[in-house]
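A, B, C and D label the chains in the order they appear, each numbered from 1.
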Amino acid sequence: MIADAALVEAFEATIAADERIEPRDWMPDDYRATLVRQIAQHAHSEIIGMQPEGNWITRAPSLRRKAILMAKVQDEAGHGAYLYSAAETLGVSRDELTEQLLTGRQKYSSIFNYPTLTWADMGAIGWLVDGAAIVNQVPITRCSYGPYARAMVRICKEESFHQRQGFEILHALARGTEAQRAMAQDAVDRWWWPSLMMFGPPDDESPHSAQSMAWGIKRFSNDELRQRFVDMAVPQAESLTLTLPDAELRWNEQRGHYDFGPIDWDEFWTVVKGNGPCNRQRMEHRRAAHADGAWVREAAAAYAAKQDARRVAA
Amino acid sequence: MNDVATYALRLGDDALILSQRLAWWSARAPELEEDLALTNVALDLLGQARPLLARAGELEGRGRDEDALAYLRGEREFLNLLIVELPDRDFAEAIARLLLFSTFQLARCEALTGSADELIAGVAAKAVKEVAYHRDHAVRWTLRLGDGTEESHARMQAAIERLWPYAHEPFAADELDLRMAGEGVGVDPATLRDGWRAFVAETLGRATLGVPADGWAPSGGRRGEHTEGFGFLLAELQSLHRAHVGATW
Amino acid sequence: MNDVATYALRLGDDALILSQRLAWWSARAPELEEDLALTNVALDLLGQARPLLARAGELEGRGRDEDALAYLRGEREFLNLLIVELPDRDFAEAIARLLLFSTFQLARCEALTGSADELIAGVAAKAVKEVAYHRDHAVRWTLRLGDGTEESHARMQAAIERLWPYAHEPFAADELDLRMAGEGVGVDPATLRDGWRAFVAETLGRATLGVPADGWAPSGGRRGEHTEGFGFLLAELQSLHRAHVGATW
Amino acid sequence: MIADAALVEAFEATIAADERIEPRDWMPDDYRATLVRQIAQHAHSEIIGMQPEGNWITRAPSLRRKAILMAKVQDEAGHGAYLYSAAETLGVSRDELTEQLLTGRQKYSSIFNYPTLTWADMGAIGWLVDGAAIVNQVPITRCSYGPYARAMVRICKEESFHQRQGFEILHALARGTEAQRAMAQDAVDRWWWPSLMMFGPPDDESPHSAQSMAWGIKRFSNDELRQRFVDMAVPQAESLTLTLPDAELRWNEQRGHYDFGPIDWDEFWTVVKGNGPCNRQRMEHRRAAHADGAWVREAAAAYAAKQDARRVAA
């Protein structure tokens, strides 16, 4: 089917005016596909992201921290739910998306393929990983696709709450015992570089970015966002009295930004391609939970069908 | 510990330990909405446990706060009912336990809203709404599983059979319960039994499930005599806290 | 810690953690004789671990004994290989791990009988016989499972596939390994690889099992970067000891 | 088939002379059945008895105690193996006996239906439960059935080693911190009465005893053995500086024995009938281990059959 010229024009005018495309509006197939891919990946990241933090819920070191962590992991499930709903407005069902995740055809953020080795990782994930996510996501609150933009407003609000909680965890550790302080530094050492990788490959190797920018899905380049994150993180690290594991990190008066050392893109691609420390574990866990729950979902469907039939009969 | 402190600790331990068991379901539930729902229940229970433990510590007067009581007691010092500490072998057991326990807990909370101990009364008043939701949630799933597929029916029936023996302990009043009921602080749980049974039996009936025969009725939780799996639950719960003696978090 | 202490700790942690995992099989093995056999292996490994940890503590000179090292280190301070810490999901995995690890361990023990560190040499000399038995035992079961029924063949192949990625780490020498090899205390594990591969491939072949393709090769154990399950293993192992600070048993 | 009078006479003469009946000797059916029941129950007790102690192997508080406990639980498996072999000399296979255990038609000692709640239970089980077992079993080293008597010689030697180890655990605890001492006393409080029940019902309610005595299978009555155990345990408790939970326990000069309070036989029968704290758990555990191992045993059998076939073909 060839798109009606008037529809194309309307779509482009909406984009140009920085207004929102809504589900019932006409949109190009590629625009739709790009959004589905991106929203799905984002939703899957929330779902898979529950695992590394969920790993510490039963062992949280105080009841207050336990409650905060449980609520955070629950928020991630909630974010996953909003985002799947946003994707559904584009005509894909949650079942299809789940299938794409479980078969590995759609990705989730590689950051969740690193293990959480100590409690301090709850702090580092909150501060750095959620921090990077916020930098990535705040521009999406102005995304051209309405449902995605609106989901992101709510998500960003919660994420910033999470980021503050992560910072507080590290803050308490950094001012705690020698062992706690070492734990905090170790976590930051392990999570810093993977967090920088969250912004994706350098601009000159990021093929889809230009089109996404043109469509108002993406607002800033990977490298711009990465720089923004570094500039934000460095003074925060100082206030935590923790160091960032990069000897080349220093203020560049001329650029008005922090310079930082080269990123190990080999590691990035290794993890993206499935060979990070936890890729297999995360997928196995999700597949097992899905498989273990099959009989429950079937029961719910069977019950609903029976209820419908009873209603009709009555 | 004095009576009221011990009583608060019993209530708090029930909530704390069930919360810990339910937290296991995080990222493991059969569907996303259920992950959210079970975590909600776990969070509500943790929210109930904290002021109750704090109250127990305050009444004890030895400077133990909620964390000292949660993280630094041994197996024999926890006073929760056995039913809340059992591990879930499948989702049906999680639901069966929630049905049996929250039906009891709701009746207990309703009675405790009039407790002479203000903190207990306050926690109970807040918990009534929460636990009513837990029970509704359990009922909805009991119906779906009981009257769902052949497999879900069989699993749900098996879960109810497995948990039924542990559903007697909550109603077995000991001397402390009776003293607390007498002083208007607590409630004699035996008085809650008929209502509990009626509600559970009606729910199981609607779910096409049979009410198990009474028989074996293990107990001991209130005396700190737990199941063998409980020590492993505590080992996990307390591991990090105990590894850093005296640290704050 | 100095190099030799760290080296002894690596050897000791490998043995201690595998012993802990194998101990899980007690009263759970497929037959009584296998319960006896797996416990024997676990006991041998524990017997190897103890003097090695003690030696590490002695060389460190900070007064830590075998128990301080086993019970009072955190997740990031354990230096065992990842392959020994993985939980067994079935008996095939227990056997696959024992085959892959004990074939490596035997070669390492043989090399270490000539260690310049007398304690390490002595432990290795005693362990050679024990580990030769472990390997034989693993080989016998690999044959039975690989060339047994369709199900056992499939399970054993799956177990080998699952563990294979973790079989690379033992041979990846780091600087400490090379220094220790240079000083005649240790052995460069890379030199053991060909022999290991030949033996394992031949055994798998006899068992009608395929040798998996090399690929993903996780590591990190020697730097204290473990799998997420390891913290739970430690929580259990250390729970009682940590609950009683300073007690003797 | 009516037994030849000469065979009966030879059997009775052997018994009368306090000599041993051997597997190939003729014996009355009831004698055989009694022995099978008793040896099987004894073997099953060793197997089920691995669970309560196995429960603490992964948590033993020192590496030395861990090694001792592992070796002890292993010895129990070994005892089970000897005893099944002894029973096999009477013409029942281990598979049959396993089947009888798993279906609940044969029993195991009720003592293992109590839970091990703390580390001190490792001490109390060693000291009291193994202590009671030894008192029960030493006379069986002179049992009229040779294989059983010989198995028992070896078992008693190891049991007495275990008893000493249990005593040592309690000794260390009783001299340890306040919490350790409390743990030791608590364990003794919980295990004392169940240990007294291990000798079985009082003599006037023990119907099979007379025949077993006549056959030289049993040498002393339940109450005689129980008294012997109490007389042994009381001074040991004193040396541990722990108390036994019986206010009526006192030396009776006249009898030359310790008097002790009444045993709660209702509890005994409750547990025997399947309603102890752990009856279900012990059986479920054993059944699960057996079921989980089925594919392994099948594989071993299939492999052995293939090997035989290859040998024949070669």
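Simple rule for what comes next: contacts are C-beta pairs under 8 Å (C-beta built on N, C-alpha and C of every residue); 3 or more make two chains touch, one makes a residue touch a chain.
Keep in mind it's a predicted model, so treat the numbers as computed, not measured.
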### Query
Which other chains touch chain C while also touching chain D?
B
### Query
Could you state the distance in Å from the CA-based centre of chain B to that of chain C?
41
### Task
Averaging only over C-alpha atoms, locate the centres of chain A and chain D and give their separation in whole Å.
59
### Query
Distance-wise, how many Å sit between the C-alpha centres of chain B and chain D, to the nearest whole number?
37
#### Entry: chain B residues counted as touching two or more neighbouring chains
74, 231, 235-236, 239-240
### Query
By residue number and range, which residues of chain A touch two or more other chains?
59, 179
### Task
Could you draw the chains as nodes, link the ones that touch, and say if you get a line, ring, star, complete or other?
other
### Query
Chain pairs in touch?
A-B, A-C, B-C, B-D, C-D
### Interfacial residue positions of chain D with respect to chain C in the complex
47, 50-51, 54, 57-67, 70-71, 73-74, 77-78, 80-81, 84, 119, 169, 172-173, 176-177, 179-180, 285, 289, 292-304, 306
### Query
What part of chain C is in contact with chain D in the complex they form?
16, 20, 23-24, 26-36, 39-40, 42-43, 46-47, 49-50, 53, 66-67, 70-71, 90-91, 143-145, 147-149, 151-152, 155, 236-237, 239-241, 244, 246-249
### Query
Which residues of chain C touch chain A in the complex?
74-76, 215-216, 218, 220, 225-228, 231, 235
### Of chain B, residues touching chain C in the complex
74, 231-232, 234-236, 238-240, 242-243, 245
### Query
Of all residues in chain D, which touch chain B in the complex?
52, 55, 59, 115-118, 179, 183, 186, 190, 274-275, 277-278, 280-281
